[in-house]
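Single-structure report; data block below.
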Amino acid sequence: MVASSQSPAMHRYDAILASGLEVLEKVGAAKFLNTGCETRSQVRINREYMDRLTFETRLIGTRPAQTEISLFGARLSMPVIAAPLSQSLVLDHLSPWDEPYLEQIAGGLADAGTAMSTGMVDEDELGRIVEMGAPVIHFSKPYQDEERIYRELKAAQRYGCIAVGMDIEAVYQVHAPGERSGADYLAHKTPQQLRQYTEASNLPFVVKGVLSSADAAAALNLGAGAVMVSQHGGETIDYAVPVLKVLPEVREALGNNPVLVDTGFMRGSDVAKALALGASAVGVATLLLIACAAAGRAGVGEMMLILRDEVARNLSLMGCASPSAATSARLHLVLGQ
Amino acid sequence: MVASSQSPAMHRYDAILASGLEVLEKVGAAKFLNTGCETRSQVRINREYMDRLTFETRLIGTRPAQTEISLFGARLSMPVIAAPLSQSLVLDHLSPWDEPYLEQIAGGLADAGTAMSTGMVDEDELGRIVEMGAPVIHFSKPYQDEERIYRELKAAQRYGCIAVGMDIEAVYQVHAPGERSGADYLAHKTPQQLRQYTEASNLPFVVKGVLSSADAAAALNLGAGAVMVSQHGGETIDYAVPVLKVLPEVREALGNNPVLVDTGFMRGSDVAKALALGASAVGVATLLLIACAAAGRAGVGEMMLILRDEVARNLSLMGCASPSAATSARLHLVLGQ
Amino acid sequence: MVASSQSPAMHRYDAILASGLEVLEKVGAAKFLNTGCETRSQVRINREYMDRLTFETRLIGTRPAQTEISLFGARLSMPVIAAPLSQSLVLDHLSPWDEPYLEQIAGGLADAGTAMSTGMVDEDELGRIVEMGAPVIHFSKPYQDEERIYRELKAAQRYGCIAVGMDIEAVYQVHAPGERSGADYLAHKTPQQLRQYTEASNLPFVVKGVLSSADAAAALNLGAGAVMVSQHGGETIDYAVPVLKVLPEVREALGNNPVLVDTGFMRGSDVAKALALGASAVGVATLLLIACAAAGRAGVGEMMLILRDEVARNLSLMGCASPSAATSARLHLVLGQ
Amino acid sequence: MVASSQSPAMHRYDAILASGLEVLEKVGAAKFLNTGCETRSQVRINREYMDRLTFETRLIGTRPAQTEISLFGARLSMPVIAAPLSQSLVLDHLSPWDEPYLEQIAGGLADAGTAMSTGMVDEDELGRIVEMGAPVIHFSKPYQDEERIYRELKAAQRYGCIAVGMDIEAVYQVHAPGERSGADYLAHKTPQQLRQYTEASNLPFVVKGVLSSADAAAALNLGAGAVMVSQHGGETIDYAVPVLKVLPEVREALGNNPVLVDTGFMRGSDVAKALALGASAVGVATLLLIACAAAGRAGVGEMMLILRDEVARNLSLMGCASPSAATSARLHLVLGQ
């Protein structure tokens, strides 16, 4: 891992980001970090809502926070995990790599003590990713090919993934030019089909792409063990409700079951806000791609430890001794831009 | 129609827009797309309000949406139609055309399976437009010359238009330099006169330019079969209330009668918001002029099909199986820009 | 008066503004149009608040509006008058003039059928201004020199002004470099002193600089016949409450007495909003200086007629047949920028 | 002191700021004026909230305000004091100075009749600062080295400081590259430790870094005589609740005890808002560093007198005859940017 003791975390964060973006820019892959299906408005709206949430602090009678959590039976060093990552165009542009891209990211996550999530990867690649040592959540897709779904769920169980899931919104995904849209190979699934997927393995099943309490409750009723609030990077819907706005009602619907959330999380303060609003853990993807482009596995590991320290500092300042102690009572919504 | 299977819709949308704007820019006509009577503020305010509306989604227990609607007895492929288009300065700048501009637009709309609306066109031109095959709604104006109004309404009925109407706000219209202002040849009409127009043909009569529930209710009382919420592209009033803000109370006033709306609609997400707030169909004009400038009839047809797909995707994500199933329960107003 | 029939009002407005600003820029006087005592924030805040007010319309069962009003016994062609104008730095920079600056403005106002207001002018100049034919309201200042105040009030009565007044906030005015600040020659006045000023002539007395219902009520109690809501162009206070925000409570406090308002009014839509919130008439100053710089008396006259037409159009669209019929029931406050 | 009689205060303020920033820019120290631990968002958010507070005025039956206050037994000419200043990187970049930087600032504050605050300074330097004549509040830090804390508190008492305190949030401070982070030498303190610090001298003890009513009440319970609402220039927390948003509830919790506040105050209008929301006095730091860079002791003195005049004018306009008479009844929160 790249040493960070010599220079403060903030400086390193900026340096990794700049270096990673430069690499991605050079190979023409940076544009894939800002996708969208119509106007790309949802990145901006999500960020604006996040930015209007501010913290009050508790420094007296409190103690510095620890960041460990349990997720699907695994002990993680922090409430930040990878959002589902696929073998994608970004990868292609960055090849050749000595060690494949996703494995380096999984390795960095293992080094930092937290979990990986996988999306569209072939079965062998999934196996190699699991071998890197980080707990893995595998997300299948609502393929038209039903058998492929079951094959993936079984493989995930066989490899020792800690959970499986499906990004049910992907059917409406509009890809960048040169990529296939979701409608070409995916299908809208019935509640009956979803129930069968939840029962296809002995692993907890995560329904990803939930943006309402109604879908959250429905997922639970169909046997899901968790949900993931997500806007899929804006690739399925413009003008989606900000994830932090809908998060509290999803938490309410899920009871004590895990609620994951991704889309637009870049700093520890973003993560702390999600925890305060009910998230069990937060997924990051863009940040991992950039860190990996900057310095491979080492870059990913270092970036995650910076995030962990940022989460710890923000929780400490909120007077919340652990991620689960975070509470919306510390947040003030500030109107205006 | 220009083939779109090779490249995703979003990419095509941007390409058509860029190409059409380039053409309009070259002939000095682009400025007519951003008109206004004082400060041109209303385009910005309308857009800001629209952009603050965000969607929550329903993916479980729902099904992909269809976009067909019935409007004034016609079956349309989508809830998007042309807003009234006139033989105008923009047209002049773009001539000569082999086939006149408005006929190409009408043709593209016919290809896409939806309706045309006409404004100031002479009688013969109206006939040729109707012959292109798309259902046509003809909007007369509050001319000082009363006979002209009745002549137009009769002609529309004779040609087989599906509805007629009048943009009653046009009397206050301030045109761009070189064009006549509304006051020069139009007149404010009394309720009695409006009632007579609604009775002058056997077609449903659409009162256009409604921006309050009071006017909506008054229109209904005078025999109108529908209203169109509109800011007339900002040419009559600056700082008009955003169309999506006033739409719900107009819908309330209209009961089951159609409520049309135009002004500022550019994407499927914009249309889906209007449907959720009570619109029966949405009118677009700027988009059609640009698409026609880009590729004539084919450009219009392709643009409308892109819009239809966008509307379908947004309705599907909202879990609304058809335009009429759209509901404001899916919308969250996000404060701030 | 410059002919306007050849070109639409909006175009003329922009042309006069551009031409006047060019003249002022050339002589280094444009900077005096954007003054402020600390950060100049108040111009921006005032405008932002004004811009967030939007209109709903009433076109059915209404009639085109007329704009005439009665003010202090005078019949004016429109509810827009001059805000108090002084012999100032701007004037100096623009000299020499064949006919003095303020007299040209007064002449243009007379041509347009509305009222002039004067601030710091010497007695002879006041006489010449009154002779131009427009009704004049003369505003004295809270001079340390008490006799000067009474001399001015008497002179105004003698010359036939329709009202007098005092801008009581001017004592805190911070002038641009090269000008004297208010504190150098003005003094805070007691209620007893103010009462004596209101009794010093037989003319209605206007207390200017009111930004609270408390001061509005106090002014009335001391014998004032009217108040003027004003931020003095930002020269006395930064971050003043927007004039349109405080206007309704001032109107409430004043009963049927006239409420004038100035600061930041540039278009007929701005004026219509003030009327809807309770203003009897609106003062403009910047606009007159620019119009005069552009084309002297003719420029002022033409600009005022453009404003009158804009006010008429906005009132008509609101369905308010006269300035006094304007009502806040037509306004929607749109949040956000 | 630099003469200001020749030119108005606003002009001088801008001139001092420009000149100071130019000096700091030249030596590469300007960047230390805009610090932050993650995104530097908090400067922007704090300012936006401050800017949305606007004043209504009271000019009738009121009198010009005086600005003197009593603070910890000292009589100050204005409710603006220095926020804690340390021997820092900025200082290093500006050396060599004939007279050390902090002493010049203390001298300028003495000239202007108000108080100095010190942060990390060695004992001898503290003595020399006190000798400059301004009342001094010394803020220690939550050092891991407990003895150092007590040594500092005793020294402050011995030198004749008017109060002592501790910035308890500093433990989470993230410094600029090249500086040590708080965690390297500071420690989170228990309530018992805080109580002992409050009892270690006979001076009032100020708990700095309070951003909630809970911490305010806790500080009071542990024997603190006052609190300071502060975001530590953004160096400990991003997205902190704006100081003016949390100030009213902290005032409520403190009863009649002094509430100080710093972070982002640049003008008299900012200070007047804080006074209206319950602050006893406002701390400025950036402004002092810039003024000192511009013209040393004379620059500091002049800048403080400009601020005093601005505070006086704003209080006068609010109709509040003294800082303690300021009331939130004069403030209007204007939504939007």
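Each chain gets a letter, A, B, C and D, in the order it is written, and its residues are counted from 1.
Throughout what follows, a contact is a pair of C-beta atoms (placed from the backbone, for glycine too) under 8 Å apart; a residue touches a chain by one contact, two chains touch by 3 or more.
The structure displayed is predicted, hence computed values, not measured ones.
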Between subunit C and subunit D, two copies of one chain sequence, what rotation angle (nearest 5 degrees) aligns their Cα atoms? 90
Suppose chain centres are the mean of their C-alpha atoms. Which chain sits farthest from subunit B? D
As a quick test, compute the distance in whole Å between the mean CA positions of subunit A and subunit B. 41
Indicate the whole-number Å distance between the mean C-alpha point of subunit A and the mean C-alpha point of subunit C. 58
Subunit C residues counted as touching two or more neighbouring chains: 335-337
So, in the complex, the side of subunit B touching subunit A is made of residues 7-11, 13, 51, 53-64, 267-269, 273, 310, 313-314, 316-317, 332, 334-337
Residues of subunit A touching subunit B in their complex? 36-39, 41, 45, 48-49, 52, 168-169, 172, 174-177, 179, 181, 188, 191, 194, 207, 209-212, 214-215, 218-219, 222, 236-242, 245-246, 335-337
